[in-house]
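Both complexes below contain chain A, partnered by chain B and then by chain C.
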Partner chain A sequence: MADDKDVLRDVWFGRIPTCFTLNQDEVTEREAEAYYLLLPRVSYLTLVTDKVKKHFLKVMRAEDVEEMWFEYEGTPLKWHYPIGVLFDLHASNSVLPWSITVHFKNFPDRDLLHCPSSSVIEAHFMSSIKEADALKHKSQVVNDMQKKDHKQLWMGLQNDKFDQFWAMNRKLMEYPTEEGGFRYIPFRIYQAMTGNDRPFIQKLFRPVSPEGNAYTLGDLLKEMYPAAITNDGEQKRYQVVIHGIEPLLETPLQWLSEHLSHPDNFLHICVVPTPSD
Partner chain B sequence: MTESGRNCRKTDVGVLYRTLRGVLCLMSGCALNEKEFFSCCQLLLQQSEHLRDGWSWEAVQGSEEGYLRKTVLRSVLADCYDAQKQTETASDSVSPVSAHPIQELQQQERTQPVVATCFHSDGIIGDDGDEDDAVCVLSEGSSHVLQYEYHILYSCSYSAPVLYFRAFTLEGRSLTLEDVWSSVHPNFRHCLQNSPLTAITQQEHPLLGQPFFMLHPCRTEEFMRPVLQEAQEQPRPVNYVLLWLSVVGPVVGLDVPLKYCTQLHLSSLQRSTSDLMSSTVETGVRRFARKTCK
Partner chain C sequence: MSDTAESPTETQKEETQPPSDDSTTNDEKKKKKLMSKHTKTRIDVLLKAVGDTPIMKTKKWAVDRGRTVQSLSQFISRFLKLDANEQLFIYVNQSFAPSPDQEVGVLFDCFGSDGKLVLHYCKSQAWG
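What follows is the complex of A and B.
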């Protein structure tokens, strides 16, 4: 049990060294220096980049500044995805620090959601938690919580307070012992290179079979994304990445959901092509 | 779609009635599973074909997974952004602007001089080779014509349908949440603003990955339950998706004509379902408003 708690801490305190560079086409009064920051894997870009904005605003005029947005190698970065998911999906096998380009003009409103304030991030975060609980507990646990309990979850994330967050989140990780696990596992599978528009795979999946056997990560992938599984004798084409690591496919899904979920209570799984050396 | 539409006209009533009863029997409680969602949508589609109401089914990867879609051109009056004026004039119509499926606009009598234009730019109208949408009519001052796109998807998390929508000017500018608020009926605006989880928020479309506005589904089961129980007490056949749409659609300016029920031509069924529709729409809307105002 002590080991399991350590996992929770390791997940919470995961960081990605990032270098923010201003887009060349932005109009500046002086040359803008790059800004370096350690980004929390479990947080959201627009929640942790106030310092980045302040830094670049020093060399820009107010009239040249619109809503800030980020891009990596030409791809607009979706702020509503956890930072760790964006990194694993787009840049997991590239050299650190992660190089992100900052923009203040030409917001791509066909690709990105607007983020006018932190209350939008809060609403999005709480909406994910509610949806995860709808899957795990038919919303019973989250609906039994008071407004101040919901606030505690958000404040815990916003202020990087592990204990404050988990004091409340542990309730969302409980289940009746006779069930063996949650009703359904909240998960999303992201594919790095997709031929189609679909941003992720999210379907109903139980953690325990009707006979009472625990389903594994491999079982989930076999059902939802069979291409990610390497068959015997084949060369491994894909990596299945959660929080920057490749868990064994034999890992029970219920354990993954309890320990490797993001603060939004979802298990975000990235399937990326194996790097060819 | 045309194929099923043709079959529909032939066997028509018998098929529809049997399908309706099948849907009712499938209903277990007030949650909707994905198969039931699909059946309800197909039924709605058949009726939409009859009424030329403009709904289409967009399938995902050739599977049964998919969503209903409808594009509507809406002519926005210059003064309709004035909330006060709307409260006075909106008493007998749900939405303060007139909305027409594209085909309807072509056939309507117009008093103003109009310009007929055919455009396919940006996939705004006429994508996927949908010939019906290729020609549309603009009234003078195209900046006052907006294109609304409505999608009905299934949420497996909430076992309920979800309404997504987005809007553009004809020049392709996306409407913001502020712009869209003005098309929300004044009575709902106050309620929705107080309750963020039933509010209209910007979300990523789960199948297309693009920003859409969404009416949050977490309260759907709550307000559908009494509506469905009333229907099941009779018992009357109901189309969950149609019933749900008749409650939430008007909130975002999407009308659902009562003709959806009266077109069935079975006199008893016709009377009972149109009665049911109007009473459940009323009840559902009141309950929806009450719940969202908590």
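What follows is the complex of A and C.
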């Protein structure tokens, strides 16, 4: 059961100081000033940047404005990935604030999904929760919830209401005591290196061994991405980052799933190269 | 994502082909036996219609692992000759709609059963 409330609050209230700058090629009527904002790690870009849009629209004509999208050092940022994941993956070892470039033209269809309204974000968020519960509980818990309970999860995220969200989410973090954990752990492992053959690793993985031993983060990585683990005597090549920190590899996976999952109920793990100082 | 673009992460070197028919040749069957689950580059997908959505004449397809849900959805729409403005919703386990950029190979690994991934498709929202 998720009873370590302090960790849950720290995860929920994690923020990334960000500086939004308008792309130089956008047509403006006067100079656009940068806009500074603290972004919630656990939310989504298109959900929390209305103010950014309003700010830049002040210096632009309506006909020059199409769907807003964001880019960091040439990489379009996928709004449907949690903000904290985008930061850890692309900018975790760079100087703060995180410098994001704002675009209103030339939407990169090949790289980004469109986000015409917040209901698209809600649908995506709820689908992630349902997918996670399919893995954790064969969808039994999420299906037993009423529509208003689902709505409460979304409203909690949208309005940054920790208590409202967790009043419902705690049900998704329960499991039969005799099982020792969820059926499978919902996780995604992202690799920061370019030229990947896949955007992330997601496979079936149980939190408890057949003998009843708790699997750890290290066990998961050994199975899914052994290159991320440093062997004895080797120099550390990679950092394994969750919510901006490097949890000990001995941490039980079940505990991580209950406490360090995002509101979408997935454990998002970023493997990034260790910075060379 | 645009209609014709493949997922940016796809590295399939072979020319994109429509998913093959169920009538696999003997050579392909031998190939399938030799390949282990992990090296298999194609997975079996079973498409099921929901409600009054038209039923596909061919329901079983061998699909490249790296193919995205969006790409498959576009294929179904073209196959069923749906209008350009008609939406298609794809569901896994009759419970969630995967992200359009999700790879079918990942869905198969996590939600496949009896050697295939069952996907339900519908012209309207079925499971929210």
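The rule is simple: the second predicted complex is superposed on the first by the 272 of 277 C-alpha atoms of A that agree within 3 Å, B and C clash if a C-alpha of one lies under 4 Å from a C-alpha of the other, contacts with A are read in each partner's own complex, and residues count from 1 in each chain.
Definition applied: contacts are C-beta pairs under 8 Å (C-beta built on N, C-alpha and C of every residue); 3 or more make two chains touch, one makes a residue touch a chain.
As the structure is a computational prediction, the values presented were derived from the model and not from experiment.
A.B. asks: With chain A superposed, do chain B and chain C clash or fit?
C.D. replies: Pair status: clash.
A.B. asks: With both complexes overlaid on chain A, does A:L135 touch chain B (first), chain C (second), both or neither?
C.D. replies: Both partners, chain B and chain C.
A.B. asks: Tell me the contact category for A:K203 with respect to chain B and chain C: first, second, both or neither.
C.D. replies: Once the two structures are laid over each other on A, A:K203 reaches both partners.
A.B. asks: Looking at 113-121, 131-139 or 239-247, which bit of chain B clashes with chain C?
C.D. replies: 239-247
A.B. asks: Let me check the overlay on chain A: which residues of chain A are in contact with chain B and also with chain C?
C.D. replies: 80, 109-113, 123-124, 126-127, 130-131, 134-135, 139, 196-199, 202-204
A.B. asks: So in the complex, the part of chain A that touches chain B is made up of which residues?
C.D. replies: Those residues of chain A that touch chain B are 78, 80, 109-114, 123-124, 126-127, 130-131, 134-135, 139, 186, 196-200, 202-204.
A.B. asks: Within the complex, which stretch of chain A touches chain C?
C.D. replies: 80, 109-113, 123-124, 126-128, 130-131, 134-135, 139, 142-143, 147, 150, 184, 196-199, 202-204
A.B. asks: Within the complex, which stretch of chain B touches chain A?
C.D. replies: 60-61, 156-158, 174, 176-177, 196-197, 201-204, 206-211, 216, 218
A.B. asks: What residues on chain C touch chain A, complex-wise?
C.D. replies: Against chain A, chain C makes touches at 1-2, 5, 8-9, 11, 66, 92-93, 95-101, 103, 106, 109-111, 128.
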